[in-house]
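One structure coming up, written as structure tokens, with questions to follow.
In order of appearance the chains are A, B, C and D, and numbering begins at 1 in each one.
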Amino acid sequence: EDQGRLVLSCPNQPGIVAEVTRFLYEREADIIQIEQHMDEHFFLRVVFQCDQFERRIEEIRQQFAPIAESYEMQWRMVSAARKHRLAIFVSKEGHCLQDLLWRFQTGELEAEISMVISNHADLKPLVEPYGIPYYHVPVTKETREEAARIHMELLEPAKIDTIILARYMQIIPSWMTQRYRHQIINIHHSFLPAFAGAKPYHRAYERGVKMIGATAHYVTEELDQGPIIEQDVKRVDHRYSVEDLKRIGRDIERIVLARAVRWHIQDQVMVDGNRTIVFSGI
Amino acid sequence: EDQGRLVLSCPNQPGIVAEVTRFLYEREADIIQIEQHMDEHFFLRVVFQCDQFERRIEEIRQQFAPIAESYEMQWRMVSAARKHRLAIFVSKEGHCLQDLLWRFQTGELEAEISMVISNHADLKPLVEPYGIPYYHVPVTKETREEAARIHMELLEPAKIDTIILARYMQIIPSWMTQRYRHQIINIHHSFLPAFAGAKPYHRAYERGVKMIGATAHYVTEELDQGPIIEQDVKRVDHRYSVEDLKRIGRDIERIVLARAVRWHIQDQVMVDGNRTIVFSGI
Amino acid sequence: EDQGRLVLSCPNQPGIVAEVTRFLYEREADIIQIEQHMDEHFFLRVVFQCDQFERRIEEIRQQFAPIAESYEMQWRMVSAARKHRLAIFVSKEGHCLQDLLWRFQTGELEAEISMVISNHADLKPLVEPYGIPYYHVPVTKETREEAARIHMELLEPAKIDTIILARYMQIIPSWMTQRYRHQIINIHHSFLPAFAGAKPYHRAYERGVKMIGATAHYVTEELDQGPIIEQDVKRVDHRYSVEDLKRIGRDIERIVLARAVRWHIQDQVMVDGNRTIVFSGI
Amino acid sequence: EDQGRLVLSCPNQPGIVAEVTRFLYEREADIIQIEQHMDEHFFLRVVFQCDQFERRIEEIRQQFAPIAESYEMQWRMVSAARKHRLAIFVSKEGHCLQDLLWRFQTGELEAEISMVISNHADLKPLVEPYGIPYYHVPVTKETREEAARIHMELLEPAKIDTIILARYMQIIPSWMTQRYRHQIINIHHSFLPAFAGAKPYHRAYERGVKMIGATAHYVTEELDQGPIIEQDVKRVDHRYSVEDLKRIGRDIERIVLARAVRWHIQDQVMVDGNRTIVFSGI
């Protein structure tokens, strides 16, 4: 592919769009998509078509660097052809994992699933047919740090870009969330900030809410407090038992997680404080 | 109308439906609608057609009393023709009030709006064309109790059944919530339990949620903790400012409140601990 | 299990609920759920608990028959423990099949998938791990009748209750839809009655609709005209290509179909002319 | 206000965004919002801040004209401060009119409602308190053309930009739809293309759909076939009577229409064949 993406954020200042689009035009990069957002900061995502982009990418990056510097930009320029390398963490619940694997298999999810890591052996049979390595790393409260170090020994050599917590019911140490800042996506089985923490469906039942939901968010040091990427809900009523909520919730969870992963790996998500900007979130 | 409603709850026990339906059948009351719910308790709502029901209602109530007693029922039997008497409390935001008045005027809301009470004079012009009394009772933190006593002097002689807090931004003293237990409906401008308390749209914006909502609930002693009657949500994204959330929220609030009021006055809502059962919630 | 279900419809007449509930009470069958609907006809579904119901079912059916006759009921009384026997028909698109298999495997879908029938060999690998027979029966316009006869030779000995057309892109002959009246469920990839027939996503794109949907319905003689069991939609906008609509549509289709199948096999769906009544559709 | 908007469409060609943004930058117009869409054509909407824009608008338009010509653009450049002049057409149903008036009064709808035209006198009392002229122009099948001529005599001198058919149940002659091309917005009470034409709620009931909807679209020569601006739906089930569908439909209709009007008057809607592009549709 000759498609590239430029995503950037910087302090607000006039002329940024003009400068960036002129830069691309002068390099014969045709803009396919441009989206911008402005609050206290400025955010831009440009998708462009450019002959032999993969070959020229380093050169173009170097040419862009001075502009970026003058506007104090945080930025990255990537080839759309480059596939994200994912590690999926799971515990015993397989519905999100199964869904991601299926989307991967059908080509809907254009990424490389490099490994699955679990604190249980249960889901190994689900993964095996795909030829993806499944690492069983047991975790207890006492061994959390040690387990995380084992995880790192698996993740680092594999050059993992993004970790997906697909109903991985364990806490990630904060040094690891910092190492993979805005690169760990968790699916929480409630409409956050409602019912953060444990047993959200039980608590939703007890509170008598009329809708349940799921939330995909970046993992930060504080449990279930990171920037939200996507949420969805489904109407329920007094007839739904906790078991019904869990059953219905599974369908929401896997769809919300799949959307978040899709947008993340296509560089559509930018983090703005504790909020996310999701460009072209379709 | 010759239509009646029987709503009841009691400890679970076999034969209740058979007993109740036989009782009605023997009185030539044709069942139009029957709905039941069972968890730890048993809940039943029956709508029936019965010749000259309004005339016979006292007699039928007396005949039902022994059955009710034997099953330890909490129950009421009412004529569908009887209109609820409502008092609407407002502050300065008029959208929910305006919406209720409009539904009342077009006959969609079959109740009697006996009065509007406000801590401000602002919305008086909105109410006047309807010929509904508008009482301006200023409230400060210090005068809350006194104001509530003035409220009671307005409500009691008017035999108000239900109080609607249509964006009334004041706290109701707990003795008053107890006096009108499950008869005060509040609309809160968030998807509870998320963003209980003040400034929910600001907090929703800051948290970066991808949907905002509104919640109609019965008012209890604890702020925004009462049984939820109805909720709805609308998808938003990073482009929505706090002002946009407020604007969009108004449409959710008024529809959620209107549904809750409709169901309440048609005896469709039963309270089960801190949950509600909404029969035929359409 | 000792759980039974009675579903019935009949002309409207007073006393039906009383009669049926008394009948069950006298047989020590405790009512767990009762739902009724009334328009020009009367519809009732009762779920009850009854000791040794599977052993006594024939006897109770015979006792109920005179009542059923006097009210001109269409009715059936079944054991909840009895599993529906399903045949799934597919062509080349695997997402609905895959989803049903997964729900079957996790125990969410309490039915027996007796066979998968396809006019293509493509999806055989998807089915094989489950040990479910996969029959490849090629179909052309000319061989449609012959293919249907082969289908019948597979379905009849296996005592199939229900046929699921999980994106089976072939027309079923009308003699077969009559043989399996209200026992064939199709998933159509549009919000019917919009875009009945071929290529609904292309037509939705061209018409510029702002939501796309899917519809599960019983198959009748007329294409895409049968009673609708369930529908759902998802918001789209001008940015969605036909490919995006297809991708998003897959998620709607599989969830809508799964719900319809679930409700059908639990005897929650009754047909009322060309409409369906879905009791406890949760 | 010093805010301006440029909306344009043209054949696809590289460099358009660069050219337009450079043009604005050179005139010290800061881009606040830029959105683009590309299929066979190219569509752009830019919102910008520019000192004394209202004074300079003619000059800037003239400077932009050569660029527009070279790219074969269809374009307009307007001041955000300029208010659209609306005429609202109604028949007897007042809910959409009432809703628009209320949004107008609260300042949510930033337009000028210049007149209300109706084929009935019924809704005059609703309009009078606002001091907006209400013209009663009776229409029969025979007098349709004549009525339209009377309409034009009201509309033209008032320099009406946009006509809102707020449940105006009459057909507009095609010469009038051509005169106000993409400037007449109709609200149809179904999810188009389902149930185009008369009595959509009755037909939705008979078809047994599980969701009902409403559609705001531009009026073209063919009834209910014009480009769709906005749609929304609400879940229903077998319990909803036709009257219930109408009641629930009113809430969908007025919200869908209000959104469409809002987007239209802020120049967010562009027509692309029979599809619409809605920029920043929030």
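Throughout what follows, contacts are C-beta pairs under 8 Å (C-beta built on N, C-alpha and C of every residue); 3 or more make two chains touch, one makes a residue touch a chain.
Quick caveat, the model's predicted, so the values are computed rather than measured.
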- More contacts between chains, A-C or C-D: C-D
- Which one of the chains is farthest from chain B, going by Cα centres? A
- Is the contact between copies chain A and chain B built from the same residues on both sides or from different ones, judged by whether over half of the numbers are shared? same
- Determine the centre-to-centre distance between chain A and chain C, using the mean Cα coordinates as centres, and give it in whole Å. 37
- Query: chain C to chain D: how many Å between their CA centres?
  - Reply: 42
- Find every residue in chain C that makes contact with two or more other chains and list them. 237, 239
- Message: Can you tell me which positions in chain A touch chain C when the two form their complex?
- Response: 94-95, 98, 102, 106, 108, 129, 236-237, 239-240, 244, 247-248, 251, 255, 258, 280, 282
- Parts of chain B lying in touch with chain A, wherever the complex brings them together: 37, 191-195, 205-211, 213, 227-228, 230-233, 237-239, 272, 274-278, 281
- The residues of chain D that touch chain A in their complex are 14-15, 17-18, 21-22, 24-25, 28, 30-36, 38, 235
